[in-house]
Amino acid sequence: MQELWFFLQLVIQGLAVGSVYALVALGFVLIYKASSVINFAQGELLMVGAYICLALLTTYQVPFWAGFFLTMAFSVILALLIERLVLRPMIGEPAISIIMITIGLSLILKSVVAGIWGTQIKVFPAIFPQTPVRVGEIMVSQVYIYTFMASMVFLVLFALFFKYSRMGIAMRATANSNQVALSMGISVKKVFAISWCVAAVVSAVGGILIGNINGVNSTLAGVGLKVFPAVILGGLDSIPGAVLGGLIIGILENLSGGYLDHYFGGGVKEVAPFVVLVIILMIKPYGLFGTEEIERV
Amino acid sequence: MSLQQSGIFHETYKEDMAIFQTPFIKFWMAAFMVLLILFPWINKPLNALVNTNTLYLMNLIGIYIIGAHGLNILTGFTGQISLGHGAFMGVGAYASAILTVKVGIPFWFALPLAGLITALVGMVFGIPSLRLKGLYLAIATMAAQFIIGYAMRNWSTLTGGSTGIVVSSPSFFGISLGDDRSYYYLVYTLVIATTLYTKNLTRTRPGRAFVAIRDRYLAAEVIGVNVWLYRILSFGISSFLVGIAGSLWAHYVLVVNDEAFGIWLSVQYLAMIIIGGMGSVLGGIYGAVFMTLLPILLRIPEHALTQIYPGVFAIFQSMTEGVFGLIIILFLIFEPDGLAARWHTIKNYWKLWPFSY
Amino acid sequence: MIILELKDIYLHFGGIMALNGVSLDVREGEIFAIIGPNGAGKTSIFNCISGLYSPDRGQILYKGKEINRLSPFKRAQLGLARSFQNIELFRGMTVIDNLMLGRHIHMRTNLFTGGLWFGKARGEEIRHREIVEEIIDFLEIQDIRKKAVGTLAYGLQKRVELGRALALDPQVLLLDEPMAGMNAEETEDMARFILDINEERDVTVVLIEHDMGVVMDISDRICTLDFGERISMGKPAEIQADPKVIAAYLGEEEL
Amino acid sequence: MTEPATDTKKKQPILSLNNVEVIYDDVILVLKGMSLDVYEGQIVALLGANGAGKSTTLKAISGLLKGEEGEVTDGSITYMGQPIDAVDPEKRVSMGIFQVMEGRRVFDDLNVDENLYAGAHTRKSRSEVKRDMEMVFGYFPRLTERRHTLAGYLSGGEQQMLAIGRALMARPRLMLLDEPSLGLAPLLVKEIFEIINRINKEEGTTILLVEQNARVALSIADYGYIMENGKIVMDDPVDKLKENEDVKEFYLGLSKVGDRKSYRDVKHYRRRKRWIS
Amino acid sequence: KKEEAPKEEAPKEPIVIGGIFDTTGPTSDVGKDYAVAAVDAAEYINANGGVNGRPIEIIANDYAYKPDKAVELYKTYVDQGIFLIQGWGTGDTNALKELVNRDQTVYMSASYDSGLNDPTKTPYNFYVGTSYGDAIRGAMQYVKEVGGKKVVFIYPDHPYGKNPIPAGKAMAEELGLEVGPDQFVALNATDAVSQLTNMKKFNPDWAWIGGTTASTAVIIKDAAKLGLDTKFLINVWGFDENLPKLAGEAANERAYGMAPFTFYGVDVPGMKPILEMHQAKHPDDNHLVRYTQAWVSMMVMWDALKRAETLDGPGVRAALEQVTDFDTGGLTAAPITFTGTDHRPNTTLFIYKVDSTGKQVPVKEVTLERRAEWLGQ
């Protein structure tokens, strides 16, 4: 019995943490789907969002909801700036250069944040009720429940958006070929701008939620790295894949931490997802839901 | 209009295939070699200027050049992005350290062996490349990065765990290569050898097959390239070189510790070849120089500022990383094809000058 | 003698039957054309022959031996070369390098000798370079030999692609719409090249082409496909007169 | 340059290129003073050998050069009386210029329907788009059965149909067609040109047509330009052009006497005649 | 000798000290404060007569916690003739120990790794905080004293976390404590539920945490969430002024810190100059105990420099080895003593706890024997 509770606790906690990953992965996939850009600065966007909200709430004493929306507004502005200054000049350049650009971007964001707010950990004022929810012997913080809900809402919104909206189709077209999209009158700039804005907003939401869990400092951006196994597992360009991938990685981490760490001396939690990832990829090379690259001649 | 330079006619294909085609280039190449040989004896004034040990820097640059050639073969030529080369370099470093310290093999055997071991490990982690494409493969190599990193930390009996292994400097017929100057000659002998090797490889059959796989693997297969084999070979040769770099690194820095071979190193390697110019042998060199020098150069103004306002130095330090990022971005915006390409366009321009069009 | 034979080939993609029991045979030394409406399955036949698709059912015989299970590169080594409908050149490389790649199967340089260069590798490079230059002369593309193919005009790329296939020294050359995108004069050149390849180099040519002027003129035999099925096969004159072919493909107008 | 046909003489051209120079990669000069006028409602054919710069000309007009390291360095392009050199390519589409790019550039990862929707990106009314979509499927029944297939899996000809269908979805004012007949079966070539003719006559769409199949092209065009090596070397109303001996020989594939010859009879490597060399 | 960026009107050439700090890397949350303090202390030293009239100058460079960067900086310093270094982490200090030994460079680290205090192995390494090994032994001793029976060790997969564990286990065994299965929580962990759930099965009275403040807060919060009764003893880098803020109420009466140093701002004589410096230079900044740690290291170094017979590595080392009962003005739990055979600064530390109101208060001072067999362990 106790073993069962133990297992369930691990799974539930995995789901909880996984929903954080899912949220970040969503923003990531969004950018990828719209522009085939692999965004290495996803974690930094999240961190910036968290810091902005924190500054608003603590330094400027803004009430939570106002602070929340101001943070969203700021994220949009930041995304527009990034798009205008950094990505637009790169339209039409090879994907790998753009990847590198986002790495450069992550360095800048990180150092600006460190320059403004320092590197010490800051604590979020408690926004969500602190008492964990309890089911039997299982306990989950409420923040995670909100995170889970947020990722589900975004999941549905994005999936519909890409399938049916004019802009959604334009975005996928752009990802396929900037050049041809341009020839359709699709504004590649606009597509980039919108996708970055939305991704920044999603990330900021994620940042605020995660910030609430453990406070905010520069290592927060590290969550960005978790995104890779998640999205690849789900399939790079799949919205449901991102969410599912995030959840699976969360669960995997917790289960391997709970059952294997003991035998291997720590750190299994961090690598186990990658091992599973490689195995799954060998069976399904495009992840669970990723679209296959078309290879006909 | 053809881009072939006018005025030079090759009578044989042999001449047409030579690396240095004009006396002009040959002359400068020779001058450069002389400078390279003399450098350890004339670097002192430079040290004070940039406030660092330039010989140390040169050695690091040399080591990274070898590694960058490796990654360039895999990513630049074969088109398979690797985010695991930091770890592969670590494999080379650990292999060499274990072989010399624990097994007791002399450095001169450990060096090529480390290369081979890394090649083997690289090929194992290259197996997914038979099925995975593009970014999926890139992330699979990132998995290699984390898995190897984990092994380095946790396989304590072999790797000394998180403390690492302390190694000693190699010696050459009784002469210790422990100081920067003699190590310099060791490193640069290998830099030249690997550079020539890479250049030659990429302009002959295997290199062309690599590029063919990068550009269009289906077509490559149809014209008779064993895509499978060459993908794995590319991983192998690429890891071999980076393993050599790792071994050199280990015997220079004298301590092997997993922290040095994290994902950041992989990213840096990638940055080197992107900034230098992918698929260009010179590109690997430019990139390694650029990525190693830039942070050092950035320290100069920071250092000056620290002297003036000692209290605020921390802010500047956090900024240098940002400036580093900024320069990478500016660089890619203004020179998306890398330094080697810039050189290429300039060269083309001058070839045709004054009739540029 | 029959050099290449397809026996009852079936191939489907999801609900689409791309090939529906196609059989055909190509005789050594002839120019054999495959025609048919768009989406009839012509390119799919090529893909089956060169090993990019594996048919659901049926046999592919080359010189009497079944090659169904061979991987594409092995088939190339046996003497099957092809060009593609959507040009599949190595865009980043120069024309020379593209053609040198055509020589890949005839070369032996490996990771060691290649890296060392002097000695074996250089000699081999020079020998094969001579062969490649010959092809360049033959196709009259001397002035672009050092250009990156990605920047060449469409028509020239087609020519380079032909050159690359030729460099394999094939016994059977599969050409997928070699005349597409060419004006009358260039079509004429291309036709001439194909004829020369066929006559002087003794290469069997299998041709997919929509330019009926060329097809009817240079091919020895023609096979017509529609909806994955062979609707006729025979001499050009027979095909031209076949009402089924006219209805499905040629249209009423005279050529 | 000869004067354009008399009936269009007074009108302002809808599109005019004046001495345009285009350079690729900062060094390769491809268009060397290209001039050309297209009048509203016309079908204008642009012919020329491989590498003459036809596609480059179209890309200069639609603004798609930038993505290929190309640049208009001299001269001006005017559309409806306004210089458009500084206008972004996507803006030019909303101004009514639409290019069908060479080599069937469909969106591989989108299905046929979505490709068509993407073509209609600049249009507002959903119901009209729906209607036009049915029209396109009417033109190309082959596409109807492949509606939900990803475009990347289509055969070459099917992709070409899709590329043209996509252009129809945009309802442009000036359509730039780069080798629309590429890879299409003879029957379909005829149909396509009929469609082109029809949208020109019925919708009044102006068309600039680059086509290697000169016979068909000249059969529907009003006016023709022949370019070589980055310049226009000849331009005339079609009727006149068709009578030109050189055009007959090099573009229509007719020998001096005017009948067809066999390729097997062509002796090796005649010296080509070129207008400039 | 190099003379770059000389201080204006400096009477004499400054003594240059190399700094290898983490101000941007993963430990920069504490590293920055440490670096600032080192620079401030140099200024204080110069204002108070310097080293027999000669000013000192500290070159504060960031190595972002990368060992190879540290080696590079180190080599650069040595090349410039520098023989005295203020360094930082466990990984890099260990990485450098061979070189340090070879070059006879005095290396004062912020890593209190016990492996660095045996002069027969690392004659040029010094530090001023109670070693991690002694801290963990002290913790076990305390557990025994308050009647604890079962302990578990929680630490990251990282030299700082791992190195002292064998010492802790040996001590626990010696004292007859029951040791449960180790738990591993990464420094950047965002939750520790799986580990704590695992630990719950053993249900220890006390658990040792060998992480940094951030991961410690995570552990403590999750422990509270899971309703564990276990109390935590936290190593020096995991217990500072930020902990109660981060962990909130969860830390109250649950978090105990092993503290070799007096917290920033506590009213002891040694804190006076620190506070003055703070007022003068950056009154708005907010400092942690890390500031004190760097300050003490600099003060001990100053003391040795003043007494050094020759201003080079061996000279300063000899002077440091003569430091006897150095009075830190209450900044450390006990005075500092080095000898030629023992580089353990002291074996005494405070145990702080977070009380029920969230304040960090000292509860006890533990002193260990200076057993010879514990040297370097």
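Which chain is which? They are A, B, C, D and E, in the order written, and residues in each are numbered from 1.
What we mean here is this: a residue touches a chain if its C-beta (ideal position, glycine included) is under 8 Å from a C-beta of that chain, and two chains touch if they have at least 3 such contacts.
Quick caveat: nothing in here was measured; it's all calculated off a predicted structure.
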When you check each chain against chain B and chain D, which touch both of them?
A, C
Quick one: how many steps at least from chain D to chain E, stepping chain to touching chain?
2
Could you find the chain whose CA centre sits the greatest distance from that of chain D?
E
If you average the Cα atoms of chain C and of chain E to get two centres, how far apart are those centres in Å?
73
I'd like the Å distance between the centres of chain A and chain D, where a centre is the mean of that chain's Cα atoms.
44
From the C-alpha centre of chain C to that of chain D, how far is it in Å?
28
Distance between the centres, which are taken as Cα means, of chain E and chain A, whole angstrom:
36
Could you check chain B for residues that touch two or more other chains and list them?
3, 153-154, 218-219, 222, 318, 320-321
Could you say which residues in chain A touch two or more other chains, in rising order?
111, 114, 119, 265-267, 270, 296-297
Per-residue overlap in chain E, given as positions that touch at least 2 other chains:
23-24, 28, 32, 157
Which stretch or stretches of chain A touch chain D in the complex?
91-92, 166, 169-170, 172-173, 175-188, 291, 294, 296
Chain A partner, complex, touching residues on chain B are 75, 81, 128, 131-136, 138-140, 142-143, 146-147, 149-150, 153-154, 156, 218-219, 222, 263, 267, 270-271, 274-275, 278, 315, 318-329, 332-333, 336
Residue numbers on chain E that touch chain B, as the complex places them:
2, 4-5, 7, 23-24, 28, 32, 35-36, 39-40, 42-43, 59-62, 64-68, 71-72, 75-76, 79-80, 91-92, 94-99, 115, 157-159, 162-163, 281-282
With touch defined as at the start, can you tell me which chain B residues reach chain C in the complex?
2-4, 12-14, 16-17, 196-198, 200-201, 204-209, 211-212, 214-216, 218-227, 233, 237, 279
Provide the residue numbers of chain E that touch chain A in the complex, in ascending order.
23-24, 26, 28-33, 155-157, 181-184, 186-188, 190-191, 193-195, 197-198, 201, 213-214, 217-218, 221, 225-227, 242, 245-246, 248, 286, 288
